[in-house]
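Sharing a structure below in structure tokens format, with a few things to ask.
Labels run A, B, C and D following the written order; every chain starts at residue 1.
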């Protein structure tokens, strides 16, 4: 078990290294291949060649790619120094780099945004798990009846409607027309928990709607499969009440496969919910992803990619550990 | 200024009720659409309140030396004073420079090569330290450190380096970091600029935020933008990139030293949103005051405003100073032949190009020549190719093609930035119009973020055969040189970041620019008129539109007027009534 | 152990009160599917006394398992099955009884052992938890007491170190041990009727011998009535007092085990016996399989549903093709159109020499 | 009849078990642990044993679906123990396999025609009469309707599916077929049909079978000789009738006696004579020292724990791996109670229950 976790963590590090390498390669090599110059992104439109050279030297763009990558890794582990003009600024480990576009260190920039994404993802996750699983179980138990059809139709809508549509429509209705909710935005939990919740309510619901739809369908399918298992028949043959058959024997194994899906969904959401964040003006990691890509801001792109990859591999690991905890048949090795 | 353009265009309709226009305050011009273009609306001196600016785009930098977006220069007026500045008046008056930090206009001497300015008394930064001429010089020196604080315009560098190869104050061996030789500060109140040659537009360069004072003690180099020293009535209280900028009063600012600024609100916020449609909703609901980027409302809100008289009365459609155009590369055949260039101009459909830009209200007026209306010397009626009538001239175009020796037409490539939807649409409109005269234009959508090395690299342009290059341009300073020189002066052809897309190499044009530098503004304006004529006669550039933007203003705003230089509301003049 | 008590004789129209401990009368189970109505069990009747074992034999799809699930009332929940007929257990009719009543009997008075103990036990709960649950549904009491009971029962079914193994999960048991645990679970409440549905099919032959031995011992000890459902004639021969052969949802031969094995009268039973190689006979050159394949329950052949596979189908004019034969006879009943004399003659002359 | 087509000596397959941080191999599942077998041309060798004894693994080693850990496999004079891809493909022409589960061994998305013709196409075997005709002939050979060429597996019953599997195996006209539990998933009446089919095919096509099954009755019916496996080892090999009449290895005795007899009148006698084994088969990861059956054997003595009995030929031609083979007298020792063997077995149970380890 311990060896397993250590080995998996080692794999996590390797995965993240590969992710940085690939991202690094893409954003440093591609401009070279297309003949464009990243240095140009940092300068004004009328900068002359000398200025460009200066930028290149300062950003280390004239170093070979492996040197640049080495410096990046060094920053991650021990931090690195940046020439900021009058003096150097030290970017402490883990130094994800320094965005020259916005003149900030990447790590604090991302850490600053993390609570937003965290609040959004966790809140929505709670909603969609409760809503999706509940609806799925009802649907499975009422298979073929009206409740089942209503749930499945709603789920189809949830899966099909894009978030910026549901998001903007719901904002238009609840924030501007009815005025029940404040216009979307983010208020820090520490500042005002109530406003934090009311402000996030709409994004939560919108995001949860999308996922709940998938979960309802999954839960329904899993529950139907589980309820046809031999051991459910055994439970009934023992004389168990139907609610215990479903509640105790059915749910436990019916919902286990959801752990995997949930873990990966939450993991990738923690890396940023791009559409939801932009639709609701939430400055989370997803919005950072979008902005940084639009601005070709490599250090931030690298940072968010690493963050996202980190959450996903960790989610994977947690899922596997959880799975082993829930299903005694699974042995970790 | 190649400035802020549309951010993420989430053009999804989110129609819903917003607050209508409420009663307008008394005083000044009567509230109506475009009332703020000509006069001061809701004129008031009432102080207090918080001005709520919004923007769907973050600032490029709050460092005066690094900002290049138009609205950021406008915002700079809140906290950065310069030796001279654009007057705070609507209409053409706003185009004039008036003394700001300086007590009077600069004294010209040495055959027009030396400018001497004397600072006012009692000027102070927001920490109470006095503003000296050395701070102004230091601020200008920072522009030279393009490796540390890049991003802003470098005109001053070009004028002041004069072969010194000054690398900026961070690599300056002078103990006071004041090693730039062409600028002298004989005392704390006097600053002397020694130019290599007469340059009439020089004061315009001094009005750019980058020429504002920076105290060496507070310079944090690349990080300076997060907390720049304030010389204006407001200081930056906090800046959270991508989220919000907050200004509060600079208590060391003395109104008696500043004839320009009103400083009415107690605080100013600029909230950055990711959702432009949502911002429009807030504007119309009255919970936001102004879109700071001033690039015009989204399509959904535009429809609404134009249909609702009350909302419409709260809107203005200023010209932004941009001309949208297609340049024809004289280095790419057959555009080395003037008749082939003329054929393109004549064959183009002015109306369809205007529609592609958003129509007469949100897009702009049909472009007829290459000087925008806010530049001295412009002639809005000068229409050498008869574009204003709005229709393509197929017969004339065919005649031109025949003269060019291509009666059967030819094929070429249009290079257009893929991140500018309106430009892509104009490319398609142009392509369609050219088809009528058998000019087969293929559209190449290039990576917009890399435009300066794709459109702006002549080698690449030649290699890819880009005959037509679609772009847009606004002046960094309101003179013919500020607008036209980078576009048409052969000495501005750069290997990278080139904007003389047509690669115009006309010595007579270059000579006119040189001549204009040495004469007074009125005489220079006449020279720029001539240059404009030469450019149009040479058929190098096909103007699409002179840009307009439909902007909405919260009726609670006081002292509202469009400043002609930016084609935007003058932020520093605004107050709030409730 | 000889078969002294005959199989109770009951027809579908018999309205007399039940005489046996278990009486099934004209049991029908139908499922509505997209392809049509599946008549899984189509008018089956039989009886069983305490302490006796009934073997139900048939191939897949013959309706033998569905019958057992119907007795336990397992078609009541989440199933589209339609069950009709009568099931009398110890004087109580079960088909018309309410759900709660049947639930209370399930696992208490009547219990079941399933074929594959790996899939029939919940993978997430320990053996102990599952047995304790079975006990406490019907008896309540403390978990601790129930666990001790479970340990005792595991010991009784021959699981070594039961106090340790009670906390193991099903997958940690070997196949045979798992089936022992399954048996322990179904016996924890001393049921009076035990239905074993292919209890040894998934097991190896040496383990099968152990399990059959165990069931036999336990039956002697508890005096339960046992229904043994299997496709393996060897297994029924080992345990059953009476045998019911099912084909296409119907009972086609029923009688004391000795009689059914020694003088089988239905051509299908002959076919079954002829199909299996036997260790207690000389090696035959060829087996005598039944031709064709078992019928689809949606589209049963007309008349005698065995007729397409029956080598003697033409011997009664077209009766085999048009008329459904009733199960007739007293102790040894057969559903076949051929007259009993002819059947016996064919068996002695044609079938028996080849077995 | 007596030319060996297949010779297996000392065949081993160990599946490694890794553990720890560096995934070092800490143990191995000794699925097949040194077996010797010979299959003569044209005969059927039955390989019986209970689940986990290694018989299926042995089948997969012989067909080289798995690579042996040790020992040699010689087919038709050629050492095929470690042959590589090219020669392996040639081997596939000569040795084919039939699997237990007719459901999972056929691709549900392919038609019968595609499934049966696949080996012909992979091996690029020329079919002068045309591919379709060749496949239809094969279908007819195994008793399927040739017109069902374009149907999918799910349209067939279990027995018919097994026939499809057989047709596929026969496509390349192999010399030998390794059949791994080919009838155990089928209903009794269908089982007999398939067994008869295999019999007929052997006669017609001069096939050699290695017939792997757990059902002793079926193996007895079809085999010429029978090998019994226990825990990765062959414990006894003998001609069919000899083995069933006079089993020599105690495990074979127990196995035979465990088979239920479909005759109620004899069940009391059968039960009396039955040798009931106790407990489970030990783990193949850590098999018992010496003789592997000793932990469950009523005849075990000290030597059984220390010395592995080799597979030796007894006077009557049986090959048995046992220090104390069962004699006929022991086996037929009639009595009012249980036989001697059974009685000894009973005692053993008592000790096992009293002292579980």
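Assorted remarks:
Convention: contacts are C-beta pairs under 8 Å (C-beta built on N, C-alpha and C of every residue); 3 or more make two chains touch, one makes a residue touch a chain.
Being a predicted model, the structure only gives us computed values, none of them experimental.
Shared contact partners of subunit B and subunit C comprise A. Comparing chain pairs A-B and A-C by the number of C-beta pairs in contact, the larger count belongs to A-B. Chain centroids computed from C-alpha atoms place A closest to the centre of all protein C-alpha atoms shown.
Taking each chain's centre as the average of its CA atoms, subunit A and subunit B sit 39 Å apart. Averaged C-alpha coordinates give centres for subunit A and subunit D that are 53 Å from one another. Subunit C has its Cα centroid 55 Å from the Cα centroid of subunit A.
Subunit C and subunit D have CA centres that are 30 Å apart. In subunit D, no position touches at least two other chains. Across the complex, subunit C meets subunit D through its residues 1, 59-60, 158, 160-161, 174-177, 204-210, 212-213, 231-238, 240, 257-258, 261-262, 271-280, 283-284, 286-291, 293-294.
Put simply, subunit D touches subunit C in their complex at residues 50-51, 157, 159-160, 187-193, 195-196, 199, 214-218, 220-221, 240-241, 244, 254-268, 270-271, 274, 276-281, 352-353, 356.
If you check the complex, the residues on subunit B that touch subunit A are 2, 8, 10, 12-18, 58, 61, 63, 66, 68, 145-155, 167, 169-170, 219-226, 240-243, 273-275, 277-278, 281-282, 285, 287, 419, 447, 449-450, 452-454, 457, 460, 486, 494-497, 499. Contact residues on subunit A toward subunit C in their complex (touch as defined above): 141, 227, 229-231, 233-242, 245, 249, 252-253, 256, 326-329. Across the complex, subunit A is touched by residues 69, 72, 74, 77-78, 103-108, 111-112, 114, 116, 119-124, 133-134, 137-138, 169, 171, 185-186 of subunit C.
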